[in-house]
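Look for chain A in each of the two complexes below; its partner is chain B in the first and chain C in the second.
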Partner chain A sequence: MTSDFVAQIFVFGIIMGALYGLASVGFTLVFGVMRVLNIAHGAFMMIGGYLSFWGFTLYHIDPLVSLLLVAPSLFLIGLIFYIVQVFPVIKFTDDHDKIHISLLISFGLCVVLENIALLLWTGDIRSITTSYAGSVLQIFNIRIPFVGMVGVALAVLFVFALYLFLVKTRLGKSMRATAADWKAASLMGINTNQAYLISFAIGVALAGIAGTLVCMIHSIDPNMGLFWTLKGLIIITVAGVGNIRGVLACGLLLGMVESLSVFIAGASYREVVGLVILVIVLMVKPKGLFTSRGRRV
Partner chain B sequence: MIKNWKRVGFIGGLTVLFLLLPLVIKSDYSINLLFSLFLYSAIAQSWNILGGYAGQISIGHSAFFGAGAFVTRLLWVNGVPLLLSLLMGGILAVILASIIGFPALRLRGPYFAIGTMALAEALYLTIRNVFPGVAFLPGKYIATYSLIPRYYIVLTLVGVIGLVTYVVMKSKFGLAIEAIRNDQDAAESSGVNLFKYKVLALTLSALFTGLTGGVFAYYHASYYIAYPFGGGWSFEPLVMTIIGGAGTLIGPIIGAIFFVGLKEVLAIRLGEMHIILFGIIFVLVVIFLPGGIAEGIEKIRRFLFKPEKTVF
Partner chain C sequence: MLEVNNIDVYYGDLQAIWDVSLTVGEGEIVTLIGANGAGKSTVLKTIVGWLRPAKGRISFDGFRLDDRPTWKVVEKGICLIPEGRGLFHGMTVLENLEMGAFMSRTWKAQGQTLKRVYQIFPILEARKNQQAETLSGGEQQMLAIGRGLMSHPRLMLLDEVSSGLAPLLTENIFEVIQQINQSGVAICFVEQNAVLALEMAKRAYVFEGGRIVREGEAKDLRKDKGIQDAYLGTE
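Now for the complex of A and B:
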């Protein structure tokens, strides 16, 4: 009985964790390639979530189909916000300056977007309830919700696709080179500005995809931005800054540890777990849990 | 020397004016407005010590503000003398700050910002879950409620924070802090103990923010317990300081006047829209005027009154 219960907790932990991982991938990409700490990442997730929510309530588009619309729209939004968020930042040569200025700009933008969303969509908590939202797969006594399974599958798929893109394609390789050393990369004839632009837009598009899945599996509201950014911050620190492969693993880890903590200590202290993990990692292994020397994807 | 005396006279006159003001002004509205101006100046100046002078951006000052408010309210309502409760609130804020500060300030990169935000957000969500209610003031406190002592306490706080910031920044500590902000590597190779000074700046900043939170709890008759932990208290001091001019003594005060004034004018007409406007102004200032309004004024002054320096 108890073992079933624990297994069930792990199922929910994995679903949440996959969302955390997907939410953090774009965040890590943007930070890794251009040292832009995009606090507004969660706000872009919120926009993606609301777009798919609109699609569903106004035009009855299934959220899984609307992903095909949300991702390109967010890609475009990313291209536009590049002007505000990245353009004023990349002229600095020092990483420290880049991080600080981008942090301030995106923090301001996060508040702006949050309040615009509050005006547009009110403060109500929304979610998409599809016809198949209630269906579950039952294995022995463990119930796995269908939308959750789809979410985990898509999260893994997108992270894997991004990984392949970065490793196999020419553009992806130029992005990795820029991440490793932008000065050397630009000396070797790599168009670093193009790499910046594409990685920022991809990062925002990934936020939109994550937002859609969050809207389908969990719920969205205008204030969700900081919550998801916080998860992203914890995960990129634990995974090691700029480490994309570790992000999914860390997301799953965080999701499961949080679920377990709810089982042990109650739901009230759930958010403290991430903070404790963060502090421990900063003390013990500040470069991240899953980093080997000098490797970064 | 003469210039210095002018400044002392100006500040002294201003102090006397603010001390006498409640005797002249009888409208509660004006006193309340002045109170919020001073409260925002205090929290912005506290943020400025760390974010402006020391260059360590905190996006989680609400944690310190909330902790100060929480402890002060708890102790004060249960009969502990007010000043002691305020002090305890400040001390708890410092303890919280050291949880994140000790591991994060050793490292370079985004870790301090990440840590402060994680602390603030985790604390906010936890407090909201554990104490969802409203902190009411007991009847006997309500019966004796008066704005005047609250006004003087916040005035003292602003004065103390301003004075301490001034004295500290003129000392060896201030020089070290400024060196760190301008060039960490150069400062470190000149023998400045980076970690020690960053921790000191964080301690001062958290202490003052906690005290300001305590004054907030002393002022308000009832508020949601989680409210002082909310993200607004991280956003606003940062915005005020950056808009006013980070790393200057006058900057946070200019920022607070700007913020409170504009809020007063806009909040009635635009409602929540005023936050959007603030956010946009803030982003524009960060991009185009990194020194804030203080730098803008300086630029205009230099443009109008050309310095005595001649070309030859």
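Now for the complex of A and C:
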């Protein structure tokens, strides 16, 4: 009985953790390549979630299908935002100032996006309830929700797709080179501004995908942005900045530890757990858990 | 081929280069010598577009470079081996070399070029799956030069390749640079060690306080009393 219960807790932990991982992967890509801390990452997730919510309630588009629309839309939003707002401000700054300035811009953007969401969709908590939302897979006494399984599968899929893109393709490699040393990258004939632009837009598109899954598995509201950004910050720091696969592992770790803590100490301590992990990792291994091999993807 | 005409360059408010003009011809080997902080490296950085001249003009085969972003300068066939090497840490030796061939015109031919680079630096082939930052100083310098060759340059700029290397290694590296030059690539290199530089180069420019104070055939400068006292050490 208890072992079933613990297994059940882990199932929910894995589902939540996969969402954490997917939510953080775009965040770490942008930070790793551009040294830009996009506080609005969670707010972009929210926009992605609401777009799929719209698609579902207005046009009855299945959220898994609407990913095909949400991801390109958010990619486009990311491109436009980068061109009109980020690029003009960061182009003359060094890495150190970039973090400060990007914090300011993206925090402002976060507020703007929250208020747009309030206007368009009110402050109500929304979620997508598809016809298969209630279906579960029962293995012995453990119940695995179908949407949760889909969420985990998609999270793993997208994280590995991004990883392969960065390791195998010419464009992906040029983005890693830009991340490692943008001046040297420019000497290779790489248009580093273009590499930044594409990294940012991919990051925002991944936020949109994560937001859609959150809306499907969980719920969304206009204030969710900073919650997810905070989780993202914890995860990318624990994983080591720019570490794509490490982010998925750390997301899963955080999800499982959190749901275990709810079981042991009660739900009120859940939000503290991640911060405790962060402090411990910063004390013991400040460069992140998965940085020993020196490889930065 | 490369023409730098009367450029002034500033770091913020500080002027680093006064009215510098120099040329590098097709297949030539030229050195810039002078004391630390004399502005030699600054000239190279300005040629590749990391710095902008406040005055003057830089052109390559008549194509104006000084208002172009770095990646466009590089596409014209100029490569810089920067001071500190600028290797991509967290990427393997092979990935670093691949990045050298990033441009569309060189990307497809990279298999061929890679063979040639491995012929020149066999050690890079042996280490191809190692992370770039795990190489020794000399190997890192070879990787930086090999990566530069991957872009099929017509002009290679080298910024202090000998820094931090043992004398024997420096000699090896310079032998390779001579080989590269004989294969038709023009070379312009900045060097602290003036004795070595004047042996290697055909022509030289002597920098002092951000200005060119002497220029001429390397063999003439080697015999020059003033140059000997200031840069070559007297025996």
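Observations, loosely collected:
Rule of thumb we're sticking to: the second predicted complex is superposed on the first by the 288 of 297 C-alpha atoms of A that agree within 3 Å, B and C clash if a C-alpha of one lies under 4 Å from a C-alpha of the other, contacts with A are read in each partner's own complex, and residues count from 1 in each chain.
Here, a residue touches a chain if its C-beta (ideal position, glycine included) is under 8 Å from a C-beta of that chain, and two chains touch if they have at least 3 such contacts.
Just so it is clear, the structure is predicted and the values come from calculations on it, not from any experiment.
In the superposition on chain A, A:K183 makes contact with chain C only, not with chain B.
Of the two partner chains placed by the overlay, only chain C lies in contact with A:R170; chain B stays clear of it. Of the two partner chains placed around the shared chain by superposition, chain B is the only one that A:L278 touches, whereas chain C remains out of contact.
Of the two partner chains placed by the overlay, only chain B lies in contact with A:H96; chain C stays clear of it. In the superposed model, A:N191 lies in contact with chain C only, and not with chain B.
When chain B and chain C are set side by side, the one touching more residues of chain A is B.
Every residue of chain A that touches chain B in the complex is listed here, in rising order: 31, 37, 39, 84, 88, 95-96, 99-101, 103-105, 107-109, 111-112, 115-116, 118-119, 226-227, 229-230, 233-234, 237, 241, 267-272, 274-275, 278-279, 282-283, 286.
Every residue of chain A that touches chain C in the complex is listed here, in rising order: 170, 173-174, 176-177, 180-181, 183-193, 294-297. Only residues 55, 57, 59, 99-100, 102-104, 106-111, 113-115, 117-119, 121-122, 125-126, 129-130, 184, 231, 235, 238-239, 242, 272-273, 275-276, 278-280, 282-283, 286-287, 290 of chain B touch chain A when the two sit together in their complex.
Chain C makes touch with chain A in their complex at residues 48-50, 69-71, 74-75, 79-80, 82, 86-91, 95, 98-100, 102-103, 107, 131, 133-134, 147, 151.
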